[in-house]
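Next come two complexes built around subunit A: one with subunit B, the other with subunit C.
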Partner chain A sequence: MAEFTLDCLGEACPVPLMKTEKKMSELSVGDVLVVSIDHSCAMKNVPEWARKQGHNVEIEEVDDGEWEIVIEKAK
Partner chain B sequence: MKEFFIKLGDHPIYKKLLKEPLTYVAGAVLLSVFQIAHFTVFQKGWGVTSTFAVWGTWVYNVLGGDAGSWAYYASEKMQQELHTSFLADGGSIRNLGIIFGALAATLFASQFKIKKIKTLRQVVAAILGGLLMGYGARLANGCNIGALFTAIASFSLSGWVFGAFLLVGAFIGSKLLAKYFM
Partner chain C sequence: MEKKTLQYDVVIIGGGAAGLTAGIYCGRAKLKTLIIEKTLVGGLATYTNEIENYPGFPEGATGLGLMDLFHKQAKKFGVDFKLTDVRSVSLEGNVKKVETFRNIFEAKAVIIASGGKPRLTGAKNEELYLYDKGISFCATCDAAANTGKTVMVIGSGDAAIEEGMFLTKFADKVIVSVMHENGKMDCNEIAKSQALDNPKMEFMWNTVVDSFEGEERLGTVVLKNVKTEEKIPVTVDSCFLFIGYLPNTEIFEGMLDMNRGGYLITNERMESNIPGVYAVGDVRDKFLKQVATAVGDGAVAGYGAEKYLSECEIFEQQILNEGKPSLVYIYNAVDANSRELLSIFKEFEQNHCDIRVSCIDIYKSDGLAKRLGVSNGPCAVWIKDCKIQKKIDSEITKEQIERICI
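Then we have the complex of A and B:
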């Protein structure tokens, strides 16, 4: 049940999604990944991808134009 | 006052309309409606990058160049483009509209942020990518708006050909991205 972070601030699509996909494959079930983004279209495609994979996803708006996507690896 | 805005920010209608992204279908429908309206009003399809070429030529001419003799500007219509002013040029106004519209949308959603540049690599990639995009758009006589979206909407085969090669380019681009940015 470890928690990992991924800093994607200042990075544009599709880099945040590619980095998230790669990082998630290294995690074990039950681990949590917190992805920091400031690119609004990553706020759509990263959670969309993660939900499609069956993970639990939560989005937090931490500041103007800045989000944390919390993904719990479900399988 | 601050409390009012915090309350407003939590209002479901505000969130739905201004904060949350539209669905892809809603976006597609709106784009179609607006491009039909554009065609009806201006008798011309929507395009973006031809205007950039004209802007570039204005600068070039101000610096002492003579682009008027180029084959690109041989037609009467293009000659006119060379001598029109910014505020009288529909294409220039429309492109400004895209920029101001995007700014207004992020401000309404309270999502405006000046992003930090992370690495020098990003700068190099952005400049190289911008140059290649501009160069490619001129060779193809349009970008993904003029040569793809508008062309397909006008039942032109060229739009589909452009689309096929766009996919080839995107494939190569994503390989490069994975190589240099991962």
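Then we have the complex of A and C:
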């Protein structure tokens, strides 16, 4: 149940999604990945992709226009 | 992990134009309000590059910019936001429950503004290439990544053509697959003539997608001519689908009334078939789906929820009177006859200080009357032990009232 972070600040689509996908494949079930983003389009495809994979997703708005996507690997 | 339970007056599912407007109305009415959004606050409008028909912005606005203003306004009125998806709901009764991955939110009223999701083509191998693998639903998101490339757009509605034109700013070539005959498109006339004149746009008429092919990523879209059945492989780098939306209503199945397409059915007050549950915006069965109409829906539901909650409070505290005796007179203020009877009830109140007397004007709002099963005034209702004991709806006299109130 380890927690990992991924800094995607300043990166535009589709880079955050590609990085997230790569990182998630290295995690074990139950691990949590926190992805920091500030590009609004990544707010659409990253959570959508993660839910499609069956993972648990929750987002925190850290600051105006800055978010942390929390993904718990479910399978 | 134990789920944490939190209490709200109103929970709004979905943070698009309709949900945000409902939030603004509820927040301003000092209700404790939560909006749950599963991705980006602003909803479908944020996928649109230009919004030119929303009043108040003569220069036009970007979808993202406009929704950001809605978001700020809701925050100003103290609305809470939770960015996650709703797993399940229970809507019956006075305490409604909305469950997410980590929380259970209890609310007195629920406003459903869950919108829709992009429709897929249903063609072979589609699921293998979704999102970052080549099939996209958001030109604003993925246009820059297609600089200098060849992309395909499926559809000919406003979204397809406008987003297709936006893509020509980045891509070298935008191939549009249209299921209709040569020259026939579903979009507005202005967009149509602009698109036909755009040298970077190429149209393939009478075609639908047969399959998606490629190694890791999408490389070829195989189209099928609907007239000749001929299969046409087209080499592309990405494919954008703009063939309409499906409502997000799976979790409400069997609870709320829906039409055949799965859209929620409401009355003009946005009320669903369950008291205290409202549906607004694109998820609702309606004639026109626009930011402007979503805002109207949201305002109606926000106002309705506020009225519903205040009626709940009056009903429990005053009408049911904690089980103690209560006499209710339902009248219509515009009806002279029912107005005249008011004095009988005033007099009754003075003579019986142990009985609570309430006079309710049905003209202003019929919510309380409905809860008592009364559709028309004048009507007197005698309540004891939180139950209706007797009703009189004709020949209301002092003697009759004295007789039933025992």
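What we mean here is this: the second predicted complex is superposed on the first by the 75 of 75 C-alpha atoms of A that agree within 3 Å, B and C clash if a C-alpha of one lies under 4 Å from a C-alpha of the other, contacts with A are read in each partner's own complex, and residues count from 1 in each chain.
In this section, contacts are C-beta pairs under 8 Å (C-beta built on N, C-alpha and C of every residue); 3 or more make two chains touch, one makes a residue touch a chain.
Keep in mind that this is a model prediction, so the values were computed, not measured.
Of the two partner chains, both subunit B and subunit C are touched by A:S40. Contacts of A:E11 after superposition on the shared chain: subunit B is touched, whereas subunit C is not.
Once the two complexes are overlaid on the shared chain, A:E48 sits against subunit C while remaining clear of subunit B.
Number of subunit A residues touched is higher for C, counting subunit B against subunit C. In the superposition on chain A, A:E60 contacts subunit C only, with no contact to subunit B. In the superposition on chain A, the residues of subunit A contacting both subunit B and subunit C are 14, 18, 40-41, 43-44. Listed in rising order, the residues of subunit A touching subunit B in the complex are 9-11, 14-15, 18-19, 22, 38-41, 43-44, 63-66. By the touch rule above, subunit B contacts subunit A in their complex via residues 21, 106, 110-113, 115-118, 122, 174, 177-178, 181-182.
The part of subunit C that touches subunit A in the complex is made up of residues 38-40, 46-47, 64, 81, 83-85, 100-102, 130-132, 138, 140-142, 144-145.
Of all the residues in subunit A, the ones that touch subunit C in their complex are 12-14, 17-18, 21, 40-41, 43-45, 47-49, 51-52, 56-61, 67, 72.
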